[in-house]
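A short worksheet on the structure shown next.
A, B, C and D label the chains in the order they appear, each numbered from 1.
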Amino acid sequence: MLEKLKEEVFLANLELPKQGLVKYTWGNASAIDRESGLFVIKPSGVDYETMQPSDMVVIDLEGNVVEGTLNPSSDTATHAVLYKHYQEIGGIVHTHSTWATIWAQSGLDLPALGTTHADTFYGAVPCARFLTQEEIDRGYEAETGKVIIETFEERGLDILAIPGVLLHGHGPFTWGKDAKSAVMNSVVLDEVAKMNLFTRELNHFSKELPQRILDKHYLRKHGKNAYYGQK
Amino acid sequence: MLEKLKEEVFLANLELPKQGLVKYTWGNASAIDRESGLFVIKPSGVDYETMQPSDMVVIDLEGNVVEGTLNPSSDTATHAVLYKHYQEIGGIVHTHSTWATIWAQSGLDLPALGTTHADTFYGAVPCARFLTQEEIDRGYEAETGKVIIETFEERGLDILAIPGVLLHGHGPFTWGKDAKSAVMNSVVLDEVAKMNLFTRELNHFSKELPQRILDKHYLRKHGKNAYYGQK
Amino acid sequence: MLEKLKEEVFLANLELPKQGLVKYTWGNASAIDRESGLFVIKPSGVDYETMQPSDMVVIDLEGNVVEGTLNPSSDTATHAVLYKHYQEIGGIVHTHSTWATIWAQSGLDLPALGTTHADTFYGAVPCARFLTQEEIDRGYEAETGKVIIETFEERGLDILAIPGVLLHGHGPFTWGKDAKSAVMNSVVLDEVAKMNLFTRELNHFSKELPQRILDKHYLRKHGKNAYYGQK
Amino acid sequence: MLEKLKEEVFLANLELPKQGLVKYTWGNASAIDRESGLFVIKPSGVDYETMQPSDMVVIDLEGNVVEGTLNPSSDTATHAVLYKHYQEIGGIVHTHSTWATIWAQSGLDLPALGTTHADTFYGAVPCARFLTQEEIDRGYEAETGKVIIETFEERGLDILAIPGVLLHGHGPFTWGKDAKSAVMNSVVLDEVAKMNLFTRELNHFSKELPQRILDKHYLRKHGKNAYYGQK
């Protein structure tokens, strides 16, 4: 079942080490079929060199395995919670990519300092809080999804305008309309995290991008008046 | 039309990811044919793996498409303004290369701290100011070109002696006698931006290169007494 | 003798430059056959491009060459001391990998600042002291092994829960159940060293990972309740 | 003439971009035949992708071209001065490698902070002063060689024990018994420069390697009691 989606998810997972975002089996990509309400995710800890599209695992929105002989990614419940809450998300990626993880470890929101950021993220990428002991006991991965939702709701953020989050002490999650765009958003997030760290090191007083430039760059690529790319 | 120039511009665009200066479709290279007053630029947001020389778009100096079925780069108007104002420029490149963009985000001129810089740039590479809301409304890309011209004129800089600029909060533009040399100047600019950032981190009191060394290095490679390379 | 183990050790050594952990012949990997009490290690200073599995040298727990025509790694005595003292270790790797060596040169323990660290190391990776002149005179490499043991014993650390150490002014040693996992631990250690350095640069007040998150991540991958990967 | 040496110098030059030490045609390697008193150096500004062993230029100790149709490297006179003064040098390399150049731009000696340094350089790598206007007028490249000699003589340094120098505001020169070992010393110098910069950033109070460890590491690889590598 969902053979085409398995192929897409398989390719998205292979793209992660190719783009330098994951080493070994760290990281996972998934994508959902909204008609059936089922999503496809990579299996846990399987070597990328031998992994096949048919190794992908099919999961329902409660996080149960529907098809597949291998254990799904240990972060599956986080994906399930996000897909269930946000109908507009089609693909999700989790990595420990170097520079985004550095911001996550430092516990800081990633501010918009340049147009590379503004082309993809319409404002700062938030850093979500640590889970409490109670949340960890209740179910670490599902509760991680809930903390992401809490972060976006408390701050009134649009999940598609800011397609990513940093988990304090852990690393980034990104999402998009499909697995491929979620991967691309992970690439942008890591590059922007690198550039912003060194921008602040070079000039401790570097200011955030003026709102007018942020608007211009985000809106020339997104929304009804976008004019970047081909129709 | 301009088939040879399309091939050159195509190859110059492919060189950008190969040199590590762009990810995905970020960045654009162009070159002009001064006889016809037309320039060739890459199309907007087209995947580099499938792009062909015939996908390049031909543009006149007012920024109008003369030939091509694809939308040209969204930064086309910036290229047009620069080609029109500076007859001596034959090729232009825009990237979000990591280290040059870091300097652009920090809003600082890139000072000449070493001979790697002096071999290509005869002094500091200036950082141009943010556009005003009025300028953005009037036409973001064309006005960007005008702000570059303003920066060079206000400071009395020679466009060929300093073949590059940093746009505050955005990234670098470089140029040269053709597309290939504009790419090379982008490579040098990014490398120098990296070295100068860490030079200042290592020694906060690092001084600019003495004028006599700047002169010696720039002039052994450029001008009538140059003796670097083959005749 | 030990042909299969030689092949494993050979491949583990080749993996080191492939993972970017060693240049030229810096670094060495070994693995032990606990039945015979013999271990296999790479020869000293042999070019990785011409090295063969049959060039591996067989050593006993006193550090004597049992088989092989080439000189073993100059660090062989350190490996022997560790294998003799810790029955639970199956493979050992020594490198001068960039970021772990930077922490070693700075003389600081590597604190657990994130879950990438916690997935492999159950707490800070200790930095062992410099050897005294007397220890150097007695036998630099064997005494290095003894200082590693001293470090783990004085601090009451579990050798398998913290499968690595930093030698002050020198670089890292890592170990594991076999050569392959020792290599993997070297990769993790270097990546974590890089991320933690920049985490502290970005936010000088970055705190160590809360104990509850450290526990959760380490224990979902290790021990009887682990649920990461396939059975 | 000197066909074998041309092949060696050709390969040493190709190794520089392969090791990430040079971009485009920046950098040059040479080697000398002490019997004839002639050395071989790469031509100036020739593309590495089309360069052939037969393009190498043969030079005498006064810096005159003895054989070759192409212009030799613009730094040829520096090589000539060093070969003439130091009979024990067989190969010389000059690059603008990123991290060594950063130290050169900051005008600081590179201190010995670890054993990676001590395995190759028996103490700090000195930073030589800027040339005066008078020296530049007299002949920039030959005078650069003289300033290197001055640096080693004033400080009483052994040219083989410290096989490299940083030129203030410029970049490194390294040397060795042949072109291959001079390249290897450039690789070590750049890696050590990178590690030492970040060691000092991580811990501003990082101390130099104790003399006893410096002695041990240098002397287990060099001199009559060396025991590293194969006989």
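As a working rule, a contact is a pair of C-beta atoms (placed from the backbone, for glycine too) under 8 Å apart; a residue touches a chain by one contact, two chains touch by 3 or more.
Going by UniProt, the chains are A, B, C, D = L-ribulose-5-phosphate 4-epimerase.
Computed from a prediction, not measured in an experiment: that's the story for all the values here.
Copies chain C and chain D of the same chain sequence form an interface built mainly from non-equivalent positions, shared numbers / all numbers used being under half. Comparing mean CA positions across the assembly, the chain most remote from chain C is B.
Between the CA-based centres of chain A and chain D the separation comes to 46 Å, rounded to the whole angstrom.
Computed from the mean C-alpha positions, the centre of chain A lies at a distance of 33 Å from the centre of chain B. Shown for chain B are the residues that touch two or more other chains, namely 201. Contact between chains, using the touch rule, shows up for A-B, A-C, B-D, C-D. On the side of chain C, the complex with chain A involves touching residues 113-116, 184, 187-188, 191, 194-196, 198-199, 201-203, 206-207, 209-210, 212-213, 216, 220, 227-231. By the touch rule above, chain C contacts chain D in their complex via residues 23-24, 26, 43-46, 70-71, 74, 96, 98-99, 101-108, 130-131, 133, 136, 140, 169-171, 197, 200-201.
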